[in-house]
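What follows is a structure written as structure tokens; I'll ask about it next.
Residue numbering begins at 1 within each chain, and the chains themselves are lettered A, B, C, D and E in the order written.
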Amino acid sequence: MQRKKPWWQNAGLRIGIALVMLVLLGGAATGVVITQKAPQQPIEFPHNFHVGTGIPCAYCHSGAETGPVAGLPSIETCWGCHQQLRTNTPRLAKLAEYGSTNTPIPWVPVFIQPDFVHFNHRPHVAAGLECKTCHGDTAGQTVAEPIPGQNMGWCLDCHYKMAPENFTRLSDCATCHY
Amino acid sequence: MSKKLSRRDFLKLSCAAAAAGMVLVGCGPASRYVTRVPYAEMPEYQHIGKSTYYATTCRECPAGCGLIVRTFEGRAIKVEGNPNHPVNRGKICPRGLTSVQGVYNLDRITGPVMQGRRGKAGGQAISWDEAVALVKKRFQETKGSEIAFLLGAMPDSLYDLTSELASALKAPAPVRYSALNYLEGRDVWLAVASQYFGTPSFPYFDLENAEIVFNFGAEFLENWLSPMAYSRGYRGFRKGQLGARGYMVSFAPRQSISAAAADEWIPIKPGSEALVALALTRLAAYARSEFSPEITRQVDIKAAAEASGISEEKLKELASRFAGSNRPLAIGGGSALAGKSAFETASAILALNATVYNFNQTGGVFLTPAKAPSERFADVQALFEKMRSGAVKTLFIHGVNPLFDLPAALNAAEAFKRVETIVSFSSFPDETALASDYILPDHTMLEGWGYQTVLAGTTRKIVSAIQPVVVPLYDTRSTADVLIAAGGLPYKDEVDFLQQKILPLMSAGGTFTAPELPSFWAKFLQYGGWWQKSADYAAIDADALLKSSISMPEPHPAPADQYHLVVYPTQFGDGSGANRPWLHETPNPATTVMWNSWVEIHPQTAKKLGIHDDDVVRIRSEFGEIEAVAYLYPALRPDTVALPFGLGHEALGRFAEGRGCNPARLFPNASSQNGNLAWADTLVSLSPTGKRRPIARQESRHGVYGDGE
Amino acid sequence: MSEKVEAKKWGMVVDLDLCTGCQACVTACAMENNIPYTGEDETAYGRGLHWIRIQRYWKGEYPEVSPTHQPVMCQQCGHAPCEPVCPVYASVHSEEEQINVQVYNRCVGTRYCANNCPYISRTFNWFDYPHPVPESYSLNPDVTVRRRGVMEKCTFCVQRIRHAVDTAQAEGREIEDGEVMTACQQACPTGAIIFGDLSKKESAVSQAARSQRSFRLLEELGTEPKVVYLKGGGNYGG
Amino acid sequence: MSAKSVQMVLYPDTHLDQAAETIHRLRQHGIDDRDISVISGVPYSDKILGRPMSWTRIGLIGLAGAVVGFAIATSLNFGTPYLYPIRVGGQPFFPIPTSIVVTFELTMLGLLISTFLGVFIETITPSYGPKGYSPKVSDGHIGVLFSCPTEKMDEVKKGLEDLKPEWVKNPEAKL
Amino acid sequence: MAAETKTLSATHSASQEGEDLRQEHLMHDPKPREEMNGMVMEAMQTTSKKYWIALAIFGLGVLILLFGFWGNQIITGMGVTGKRRPVFWALYITTFVFWIGISHAGTFVSAILRVFKAEFRRPFTRAAELMTTFGLAAGALFPLIHLGRVWTFYWMIPYPNARWLWPNFRSPLVWDFLAITTYLLSSTIYLYLPLIPDLAMARDRSTGWRHSIYKLLALNWRGTEAEWHRLRKAINIFAFAIIPVMFSVHTIVSWDFAVSQTVGWHSTIFGPYFIIGAILSGVSAVVMILFIIQSTMKNMKYFIRLEVFDSLGKLVLIFSMAWAYFFFNEYLLHWYGGYQAVRDLLTFHAQGPTAWVWYTMLICNVAIPWLTLWNRKIRRTPLAMFIITTLVNVGMFAERYTIIPLTLGEQRFPFDWGAYSPRLTDISIVIGTFCLFIFLYLLASRLIPLIPVWEVQEGQMAHSTRKLGKGKVTSVAELE
């Protein structure tokens, strides 16, 4: 029964296992990291500047007050103002390119809804929530940055804090899941 | 108009497609990188995240139901009924519901094609300029009399336009037909109405307010004249709005859904409907202590009882019940109006109504105000005869699939070979499109313009509006636009044509009006059409009918080894629905079968022939043979077999191709004296093939029939 | 924001006397709720994903034979057998809408709920069903596209309920009777399906539910279904 | 105290009486019971060898585990529905009958796991008595281990001679 | 003081009968411990080429049939199995119940027979306990395998999370989860505790990697009085505590079915019915395993004797009768109740196209044991016993198959009845878990002393007495 070297001391096997673990862990870690990081946008939209000039959020994200989706502005919205402005910054040059060819800008949404969940902006806006309560202070950001940990517990926390008397209704599964 | 056209450019948008794709990938980091492409220019009537609803008209069958289509970010999401539309009042059938799967079908023709070889898929793509030039060239180079137009039952606007074009080109008037016509006996009603009332209009049977209804084979819940209107009528009939719950007797060799909805089903021998109707007419007159009308002069009650398999007592009982009712009504359709003596049958049914004086009465028979264009099978026959003789050089086909839905005995394919150029406007690669030289795809139902005159199921004048609810998905072009451009008609484009056509309606007393065309047009589109405020029917007189004398139809009992054939349309309509997956997945109401055809055989007959459920059976008529899977159907005469219509395509894309069987192969190329296709007299023989092919059914065979599995 | 809202009780009445079995509800449901088709082999093997199905039985012998049609969908039981057996609260009772909710995210796919459903009204996503482009364009954005391994069922078109509730709330009013229509109700050509708030005496649905013809499926199980059937076939008054 | 050395004598298991006698004699030689340890391949009753009852806290530890399990079960049964009340099947939020099942299982789990942990913990806890081992023990020998002052060694050896014990050399060798 | 021990059997040694008894009863045929140790160690360390081939085959089976197909099922979806509406549970849960049933044997044989001091259990408690653990390991996979989204299985574990959600403690599946976890852990420990002295024995007689493993596992076991005392106490606690756990496990498994409203499942008798069925199949499986061990491994004929088969045969017979009683009870009451759906179901079971399953169940579970096991000779023919018990297990599998897919297929609405037919994936995963079980057992047979030598010796010694003062006491602790 005596063997030269037990199989579990095989270097190849150990390296193999280590590699698999590394890939798995690395994948998981990358997954976690990239969901918490602002994605690459076609144009690094300077929120700070726009918010700073006093443009209300709903000017571009107009759907928030009337429906479930806040929406991303169309090229029309951007081009409407920027047509009159100079285009000598690199970002505006890019915008000019989209605008002049009337191509939609492929924005990457930052605040995404997990699948199988429905979120409706309207009641939240109607209840007087400010945009920055959930979306952070965009005045300090260029591209919008995600807020980590926006999960179901986060929703429930807020519902519980804001309206404990309505919590039964606001924690009802059918409110978001259908 | 140009504004309207240009809106199509706005709606170039595909974000949700990507989003939907990502949904499938599941949650996690993947959905982080969904790119969402917003509109380049936001149309004023689109709002982010909100649905826009458009009114339009269903083009799935000639009924002309009003639709409200929910669109979302430039895509048609859901078809709903237009609650204001007088035809369907917000209700809608499976075929209409799946019309989004027609628009977003996986097998559409994406642009004009020059076929390399007839009958083979895949040709050379051409541009629309070339296509229009080509059509123009054909118009110029072909003699007027050698041009032929073959059109489907929808939409009327195109028929009107083509008629104008044909007369401008000095070509014969377009020929129009639909498989539903001859399957449901529509054309017979038109012939009867022309004969006795002087107008080619459909009778309107006021089912809603009737108290007792004798139904001779009409499948009013499934197709017939206007399924949604008559379904609503059935509701009223059942709810007994004017009194008691209605009582319905159904005379049909096979129980369709409509026959099953009756309180009493009388499995009448096929071909004896006219005799029974006449016998009932006479007996009803007796019951009312009146003279029997002239039309019943020749009928012999005893012979009728014998021919139909209904006892004399039963006939008398039924007749006295009918005559004694406040609001009796007799209707007919389906296989009863599809034989050689269909005209006589329809006349007899009308006579039965006339004898209880229910013309123009609540719960009785009216005449729909709109005049219907002729849709006789005899005209189609004549056209194909002409083609066969080589007298047609250029053939334009829109909205029909003659290679599929005409009797194989007509040998349409052979006739096609004698035609120099065939131009198909089909949106889908169906048999006919593939057999033509050029396919210049029209928009599908939710992408195109038009109007549909409502011909049946109403006592008002209704013109239902068809408008695009989404931008055409592919490089298709409205056939009307092509014809206008190529034919040099005095219209700017299709919309201009439509506007001019609806111009007279502005002052015709509809539910709305407007001072000038643009606002009238806007309302026309907004409401989904134009209709009168109240009923506006021409009163009809029963005299001519009752005094006429009709030849007594000969019953033709089937020999021992042969069976009467009943073919009925299903949710696939004239067969054009066969490329929609969800129509396939919708179980057949009677058999719950999905995704395939079957042949209904009475269990006794099957036992006699040694056929079991799911056996593949060969059905042979004098004119052809097909194979179908046996379904032992208990509600069918033992001397009859029934086949659903609509499947058995050789083309039309992945969902239709090679699925099921096509009963049109069994039909004779025979029209009756009045021009309808006389398929119901066909006798077939059955033989098991020894093969078995279990078909998909929703019901459990073991649970429902106690066998199998 | 309104304070204590009275519990709504969505309910449905199906008049079997009017139901002709035409299957329009089945198709309408599929088109509204992004129900994928499965193809011939799969449906033949009982894996069709119909949320509503019309049970057709035969009554009598030829020639007195006739079919009976009964649309059966999730009965939205008050005491639903599917709910307590779910280990992860994927099948739960919505206190707000008084319907059963299937939370797709939460579902781990034990399929226990489906076994325990006496109405067999639940369907399971055996596969990831493809929604190829452009067919996927007609997907309803308000309804989740389910993935493999989760249970699904009729939701009483809860997305429409939510939409109506949301709209009514934004307009500061109560939901009107008939404002929420389920897809099946909307399509039903004979109007055999009535949907609405059972808790309101005057609503059409509660009036219909009080009919003498009314009965509930498998009432003896004590599931308290929210779907009420009215006897058909001329069984008036009893 | 003077230095002690650990000694071990072995008897085959047929010579049980000799082993008992050895213990008896060792006691007479003034070796305390605490300095004697019997190791064997089968459990012998304390009575047979005339040894004081050894004791263990396993029972107590198990009981404590059971209590912990019960507490966890109770908090899961009645605590978690309180944290996020979800109504299912018309059942109450805190149903007693179903909680009994969970309580039972978790209590038993607590009991059994802690019993095992008790064995484990008691094993690794330092214990009194001479340490030593001989593989022969598992071959059916009884070993008597004792630590004895070096000066008494000869006396003891002599006293045990007639029992014909087998002396183990170097009993403190590692296992 | 005179040292005098004699075996009980020795008193009859003169007679032929006594010699037979000695031949038959291990307890009366003592061998020196050293020899027994040697025999066990030899059996453990002998590996033939056949063994390696078998190990490789079953290992491959696990890899391909179980994990390969399972992986494919996870990626493709549950649809690769033959499940359908309304048969949402099928072969997986059937096999799950089967394995859980098998796993009752170890506990039953070891704990209950220990508590009742049945001597014949001694040589095979270890084999049975191993069966419990591996049976559970194979069975516990099934709740995972049958999940539609197995990657989220951990949602059944109660832990505080960002979603605020806990498992539903009202769900029988959570009970199941808890019960199986409890049972798996406790039966593993229960296997391990009595193993410690034997591991120490193995440690003393091995070198190399085996030595290091055994050394680690033996927890420095020396065999001091305190250690024995502790171990005995722990084993005692376990023996008593694991019995209710065992009963609870299968009861809860049966509640998975019984709490539902499914026709044919909603029955109060399901708890005991399942337990009896589990013990029946478990004891039968023990016989099967013992036969295989006895006929393939070295020196095992000494330990596993005809008396073992004889006694187990009697047990099988008794439990077969008990099972028949419960079955009849359940059937009669359902039938008498006259609820149409149940009647349809019972008729279907007996007369439908799948009636052969039902008849297999009755023939294998009732007819065969009843007809054969009365006979002492048959009970003492290991091969016959092997065949009979194999058939009993086939019958028990058929019973579960009847209860699960066949019952689910015929519920209240005949319109929705559906027949389930297993597909390749179902079958291979089921076979895969059999491979897993056999693979683990094969491995264990060469790593773990399959015979609890110390218990055997203890038993043998228990049959010898020693004078103490005026009375006689048995030598070992247990029989005090």
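Going forward, contacts are C-beta pairs under 8 Å (C-beta built on N, C-alpha and C of every residue); 3 or more make two chains touch, one makes a residue touch a chain.
Predicted model, so just to flag it, every value in this text is computed and none were measured.
Considering every other chain in turn, the ones in contact with both chain B and chain C prove to be A, E. Under the contact definition, chain A and chain B share the contacting chains C, E. Comparing chain C-alpha centroids with the centroid of the full set of protein C-alpha atoms picks out C as the closest. Remark: among chain pairs C-D and D-E, D-E carries the greater number of C-beta contacts. Averaged C-alpha coordinates put the centre of chain A at 53 Å from the centre of chain E.
Each chain gets a centre from the mean of its Cα atoms; for chain A and chain C, those two points are 34 Å apart. We define each chain's centre as the mean of its Cα atoms; on that basis chain B and chain D are separated by 90 Å. Once the centre of each chain is set as its mean CA position, chain B and chain E turn out to be 67 Å apart. Shared interface positions of chain C, i.e. residues touching 2 or more other chains, are given as 48, 53, 55-57, 81, 84-86, 89, 92, 95, 105-106, 128, 144, 147.
Under the contact definition stated at the top, the residues of chain A that touch 2 or more other chains are 114-116, 156, 168, 173. For chain B, residues that reach two or more other chains under the stated contact definition are 23, 26-27, 698-699, 704. Chain D contributes residues 12-18, 21, 37-49, 51, 53-56, 58-59, 62, 76-77, 80-81, 83-84, 86, 88-89, 91, 95, 98-99, 101-102, 104-106, 108-109, 111-113, 115-116, 118-120, 122-124, 127, 129, 132-133, 135, 137-140, 143, 175 to its touches with chain E in the complex.
Per the touch definition, chain E reaches chain B in the complex via residues 352-353, 410, 413-419.
Residues of chain A that touch chain B in their complex: 30-31, 34-35, 39, 62-63, 66-77, 102-109, 112, 114-116.
Taken together, the chain C residues at the contact with chain E in this complex read 42, 45-48, 53, 55-57, 72, 81, 84-89, 106-112, 114-116, 118-120, 123-128, 148-151, 218, 221, 223. Residue ranges of chain A in contact with chain C, taken from their complex: 114-118, 120, 122-123, 126-127, 163, 165-166, 168-169, 172-175, 177-178.
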